[in-house]
Amino acid sequence: MEYILNRPDIILRLLGQHLFMTVSALLISIAIALPLSVVLLRSERVASAVLGVLGVLYTIPSIALLILLLPLFGLNQTSVIVALVIYTQIILVRNMVAGLRSVPSATLEAATGVGMSSWQRWYRVQLPLALPVILAGIRLATIVAISIATIGAKFGAGGLGTLLFDGIAQNRYDKIVAGALVVGLLALLLNRLLLLAEARFDPLKHVEPS
Amino acid sequence: MKKLILALLVGLMATAVLAGCGGGDKTVTVASKDFTEQFILGEMYALLLEDAGYTVERKLNLGGTPVTHQALLDEEIDIYPEYTGTGLLTVLKLGVMSDPQAVYDTVKADYAEQFSLAWLDPAPMNNTQALAMTRDRASELGITTFSDMVAHADELVLIGPPEFVEREDGIPGLKRVYGDFEFADILTVDPGLRYQALLNGEADVVVAFGTDGELAAYDLLSLQDDKGLYPPYQVAPVVRQAVLDENGDIADILNSLAPLLTDATMQRLNNEVSGNGREPDEVAREFLVEQGLIDG
Amino acid sequence: MGTRRCKIMTAIRFENVTKQYANTTQPAVDNISCNVDEGSFVVLLGPSGCGKTTLLKMVNRLYEPTSGTIYLGQQDIRQIDATTLRRQIGYVIQQIGLFPHMTVAQNVGIVPELLNWQRDRIRQRVDELLALVDLPPDVYRDRYPSQMSGGQRQRVGVARALAGDPEVILMDEPFGAVDAITRTGLQDELIALQRKLKKTILFVTHDVEEALRLADKIIILKDGRLIQYDTPFNILSHPANQFVYDLVGADDIIRQLGLVRVDLAMKPLPADFVLNGRPTIARDDNLRRALSLLLNSNAPALTVTEGDQPVGILTLNNIQAYQ
């Protein structure tokens, strides 16, 4: 515990690296998952197949996947980011598809019927109504990403995992504890922030059935 | 909202790409293996280069010998500290030699020819592989030499890094020189966890390095290599030839360090970190400043 | 304003309209041709699978015909961009489909908003329409759909369909999802509304009573084909075939009476007329109601009124004589 207090500079630097990897990976993953989910909405069959593949990828132990990616992307943050994107895809796609499907078809038909263009229908009706479930998926994906990113430290990517691995190599228990604590706190904090976002972006938040 | 996210995404990707490009010229990647002495050495190389104006990317604690050597070949890293004996036995897979100069000349020549890697000047220290036990346990069984140990092997638990099981100067080498035997059990762990297990009785024999601070700190008995399995292990920077060609002064900068690294010095520095709980980078910096190699 | 508003003539013309789905032998809509007059309330009636909803949805191009043409006024609707077309046609569906994340005002104002009206104009229009469907704006403007009953929601749905002041309204079994009592109330309101606004309405239902009650004319469909297209009264009195006969219960005299105005059978006030507490009935009410009133009250005659003014009397004999 004292380690955190004694060396805030190291902690902040590693935190910065960790956040960089996690946030980049999440943004890329969302940018892929969202259009993918829209496409998957059309066919139940294709959706199951794709989710199946993503599910299998998810079960590969993260160290293994990372090692497999190293020859392609190198001993650096890029490999970790790619691994994180792969792991978070299933969580995001599953939630996005569920969220988008949960919008009642009558509502969408009404949107078309009043003369909304496809884009307007998507942006003004479908997306806002699906948003709470989508945000929940993003929140879960974030927690998973923070955790898996710790492994990156073993492969030259930096991040908070460095405290863990250095602690092991140097027989420094305090570093290990510090690393675990900060990662845990980071996860808790982001979870809370995203929960707040979920509440704030819930389009039905005002509504109490009378 | 979607546009904002898109913009953020593009921005972050651009940053990532730029960061990944490694900045401008004169960037060097210094790596190290995964134990205390390597952290200190790697840090010293990095500090020396930075003092000379280089931008250094550190990838310390990368892993064992196979990982770091491969990383050099893959051009993922540029420099790391290697031991002549390890280069000879584990990397080149040649037979044991005991003359330090002969070992150095061999590895230097063969690394250059086979891998386009250059060995800079070696340090006087000899971080030999060793096998150590607590004095109590050793006297209990009457073990002082490797031969003694081999005779009692089926009562002993060995603990060491994973590569020991494979290395020429590890189990295979022991068997070759001392005859066939089986340990009661072999525990493979990260180097940093070795000594704890020995001290709390989970293991009897630990794979040690000659300059480990723990040997003095815990008053351990280093068994005698009575049949001369081990070659000398002098540390030197191994650098990619291409990097040396591009940056002519690297050799001189790092060679200035070599003569200062004696057994005693190395043990002292190691102990500062593993015994006194100080940070490798601090210990490295302090030493270099003391020796006037870098500005304070 | 950015959107191109084409000048819509208010009749709808179907010309050889057919809809054939790929994996079926029977077309869903089979070569239908007919005209819908401006300002008329036309009901599409038939058993399920007869093609009535399919036909309706081709008018706002939610479906496209396989062959044939549909004209809105003089214009072939295929010449108009579908989104633009839909902003000029009101659309009310059975499940109502209000946007749950928008207030009543935002729901009702959606089409004007899509048409880029000024904000004040939209606000005014929303208030006007809410009043029209009997939902006081001050109370309901900022409510959300989930805070309202099914009947109230469908009234918002109707208001939404009227907001852009379209000439044509399409309604697909709009009262199917509410209870019978609410449904009658909504039908009454729709009749009153239509009297005021005189829109062209295409209304789909499988409920014969509803059709007879609301329609100026009924299009009866079976297996995608148009069987009969006429006023309710004519269909009841001259059904085209056995199918229509069975469907509408053409032998049901009582039903027919429900379609005849009181003032068609009433007799003028006698010279010695005195208001003496006889039950009254409005002149534009129907003979079935009159019959019911007579039977219930046991009175010898009813006083027919227009507003408060007595204008005639009606006896059981008068009703029988009308037959």
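We call the chains A, B and C, going by the order they appear; numbering starts again at 1 in every chain.
The criterion applied here is as follows: a contact is a pair of C-beta atoms (placed from the backbone, for glycine too) under 8 Å apart; a residue touches a chain by one contact, two chains touch by 3 or more.
As the structure is a prediction and not an experimental result, all values here were calculated from the model.
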Chains in contact with subunit A and also with subunit B, listed by label, are none
Measuring between mean CA coordinates, which chain is farthest from subunit B? C
Can you give the whole-Å distance between the Cα centres of subunit A and subunit B? 37
Between subunit A and subunit C, what's the gap in Å when you average each chain's C-alpha atoms? 51
Chain centres from averaged Cα atoms put subunit B and subunit C apart, in whole Å, by 88
Complex contact set, residues of subunit B against subunit A: 2, 5-6, 8-9, 12-13, 15-16, 19-20, 31, 34-36, 39, 59, 61-63, 71, 74, 76-77, 190-193, 195-196, 273-274, 277, 280
Sort out for me which residues of subunit A touch subunit C in the complex. 104, 106-107, 109-117, 120, 125, 128-129, 203-204, 206-210
Per the touch rule above, subunit C residues touching subunit A in the complex are 60, 62, 83-88, 91, 93, 95-101, 110-111, 114, 144, 146-147, 160
For the complex, which residues does subunit A have touching subunit B? 20, 23-24, 27-28, 30-31, 71, 74-78, 81, 123, 154-156, 162, 165-172, 174
